[in-house]
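Got some structures for you, see below.
Two complexes are shown next, each including chain A; its partner changes from chain B in the first to chain C in the second.
Showing the complex of A and B:
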């Protein structure tokens, strides 16, 4: 019968329409500004810079190695290296970025900067409500706008942050152990140089918990 | 213009020939695409596709960046199917550099590629029906399903459409067991959606009247023009790169290739519906067999990859057809030559042959059934 196919289709739309009053999962949209879907943990939007502790300047992890600047496909990162150095989280003297700008109107949220960063200094944010009337200045973020604390990172990407923190804690512990070992080795050397009996020096070294990695200074 | 027209129109005097520029901002052209159509009454006597409005210099940008930095740009070729685009490119780089892909990564690739195929076909049939005037309803149903797949992509890769997920030698992040369970939970909903969609429109008289016998593409022309994908199979040619090349691990899965025999718009429409069903079969098998293990070749250097001098062509069956990437390496960190073989552009070249003698309204439907994405056509 002509029109049968159309009626069959209309039945389907009617089932969807009336079904939406009964089955909640047929309602697939939400009233956006008031209600929101929760973003999944992996969700990414634009990069930000991480700092440890409370001071964004002192704790900034970036050491200005400029790998991300080189690898960024649309070249939206601009870095200027500092002249002086500041200690990083393990106490080693490192450069820091005097200027670190990201033009988020150019950024294509590809996450390659995060992948290539060897210092866990740059991560992806989840904020997306970023509209601004100032299309040049408002979308060119400098170091201060980009800096976010590690606590914030733990909030938005809990699993990833825990993993990073664990790795960094281990790195720090290793570095400290290394520093202690180095200090001990230096002390032993000094003692040896002071023409003390050699047995003294060896016992001094053996007393240390981690003598396997002596560092000459 | 005038002397050409007289040649085309031997029965001059019957009516005036009118030249219409459809697009680049016509809602039926799926992006910025223009057709210079010459009409006699409502009949098409000539159709000239004009593309290039979305040209972004993709190939040259990729030649000036490292191998890694081309991957996010491939997302933007066919912006509805970023996962399959990634796969085509990384396959070419893997051939070039001789990298192996771990088992688990191969399975993840198949899963995401088949989900991509599903959501692309769902979107396409929705748009095709929208072009025919089924305003809203089928498209919204299709997008409701597509959204579920995109949510999975977001929780896996971080982005819904610009996934940037695959890497040469594997994939970027491992999928969790919870994610695989999410896919398993979604799986029964997909055939249900196809059933619902078929119920909605399969035997609809208006749909049949508009699509059957419209935009016929003959088998010979399809082969000669290098058409691939569902369009070629709708013309009755059994050619699917998943079967022909067995790239990745497709030889392990049991699935069939649907074939049409008229090569008209209705066949192409049904081809997408049937392929969605086959996709679900592949997904079921892949989810059953996925092993544990690493997801990256440990030898691969993502940053500063320097393949030996040589050339490679990697091709995959993307939802739209044969997507190929041709790379020439001169041993440096960026490709010496990078070329994309985009399926939608090559499928578009025979648009005039399919449209001649048809009504102007059928041009819209025929174009809709080709399944083009202008990001890929213009690159």
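Showing the complex of A and C:
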């Protein structure tokens, strides 16, 4: 009958109206500045640069390879390579960025810089309350504004950070093992050279860094 | 202060104020004292209604509604007013400047004029016209003119579409609106709103003689309010605005204060139509039961007005917007015949004897039942006819499944 559905609808809205005063869990609105959602693990906004330890200048992971600058679709990254080098986390001498700027007014949060970075140096941040009165300088972030510690990364993306840390620890251990092996080999070589200087064949065999490798193949 | 004194407090105040002005100014001051409260109170009611509506709709949708400005957000209308007053007033270069400028003024003017004939309390009619109901509908037609002025002068296809829809809708629904009030005019035998209210203000067995308490009055009231909703372009009949399809309809090209005027006019029309509904069917300023008759008449009027506003908000929160063909079908195939049936029923009510076999109670009951039957049977028939051929079949996709 005509009008029946209207009455049913009116009952439903009346139930909502009075119910919202009685049952508090009907109101799903989060009163934003006072209350906040916990952001999901996968949420992301703008990239930041990671550093190890406590000193952003010494621990910055970026080696200024400029892959992210080239891959960035809206081209919001600007990097200037340093003239000198400093040791990275495994002790290898690397360049570092003298200038690293991201224009966040251009950035589209695509995360491609993160995908392509071979050094785990750039990651996505979660901060979103970034309004500023200065729309040019305030949105062009330099190296110091972008640098954030690994501790912070562990806080905002625990799962990703654990995975990265594990990989990097392994890399570092491998590099150290390699360095020890190389040092041992060099020592052995020096010893062998001292013991039997005329014998070429024996010195070659002893100097091989990983003698078991041919066997496994 | 006596009950009668409180009831007539505004009338007495006006008389005192007028008596204390110099004789040559008395007419002007008297007119001003009548008009200014209307111009102040109804826009104030508009401010209250906007916050009520936003809070109410919020709760209907399980939200809080505005709650930032002032305690519980009750100062939101002030923030809205400041916002609309400080916004830039843009006029399209291609618009007809004069008509574009005049449209909101005509609309607000026409909306305000309707209040002139409404009795908002005992002896509180601004202009006591003998043909007040007729005046109300004549002025109501002025809003249609203003709407079309706005839609045409903006030179925007959406605004023109909105204006065309508005005209089609308002003219279609004006007929049931007027026809449903004709039943009241027939029974009361007068076009004067003041007299119509006075006829309803009498009591028998403690119950007022409201037209709402008769079968034709109940049906007429429902039809009147449906037509009134359509007439004031409120949801579910808000096709002329149709935010999701034609953005804002006829006032798309208005901004700032002119937009606020359109908004104000829309609510004023809603109050005016509700006010006329109250006058015609809900006994105007009279109390429904005799033991509550001590409450001042103006308080009754505004209580009823607020109740109808709440009804409007409730309806808006419940129903989706109609389609154009549904709107027209409903107007011409259901509303129009039903209002004619209501007129017939009112005629039967008038001429059936009040006492039946010597018993007044039995006679009243028989009269009530006969008149109700005269309305219910055609209602069932028209509802069936309206629903025919409207069955939505499940759509079968031949290739997608």
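In the analysis below, the second predicted complex is superposed on the first by the 187 of 217 C-alpha atoms of A that agree within 3 Å, B and C clash if a C-alpha of one lies under 4 Å from a C-alpha of the other, contacts with A are read in each partner's own complex, and residues count from 1 in each chain.
Convention: a contact is a pair of C-beta atoms (placed from the backbone, for glycine too) under 8 Å apart; a residue touches a chain by one contact, two chains touch by 3 or more.
As the structure is a computational prediction, the values presented were derived from the model and not from experiment.
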Fit or clash between chain C and chain B when superposed on chain A: clash
Look at A:14 in the shared chain and tell me whether it touches chain B only, chain C only, both, or neither; answer first, second, both or neither. second
Output check: A:175 vs chain B and chain C. Expected answer is one of first, second, both, neither. What do you get? neither
Quick one: is A:124 in contact with chain B, with chain C, with both, or with neither? Answer first, second, both or neither. first
In the superposed arrangement, does A:192 touch chain B (first), chain C (second), both or neither? neither
Check whether A:2 is in contact with chain B, with chain C, with both or with neither, and answer first, second, both or neither. both
Touching A:28 in the superposition: chain B (first), chain C (second), both, neither? both
Partner, of chain C and chain B, that touches more residues belonging to chain A: B
Looking at A:140, would you say it contacts chain B, chain C, both, or neither? Reply first, second, both or neither. neither
Determine, under the contact definition given at the top, whether A:90 touches first (chain B), second (chain C), both, or neither. neither
Footprint overlap on chain A, where chain B in one structure and chain C in the other make contact: 2-3, 6, 9, 12-13, 16, 28
Of all residues in chain A, which touch chain C in the complex? 1-3, 6, 9-10, 12-14, 16-17, 19-21, 26-29, 31
Residue numbers of chain C touching chain A in their complex, please. 56, 59-64, 314-315, 317-319, 334, 379-380, 382-383, 386-387
For chain A, which residues are in contact with chain B within the complex? 2-6, 8-9, 11-13, 16, 28, 39-44, 67, 71-73, 108-112, 115-116, 124
Chain A contact footprint on chain B (complex, rising order): 61, 65-66, 68-73, 75-76, 137, 141, 144, 147, 151, 154-159, 162, 164, 172-173, 196, 199-208, 302-303
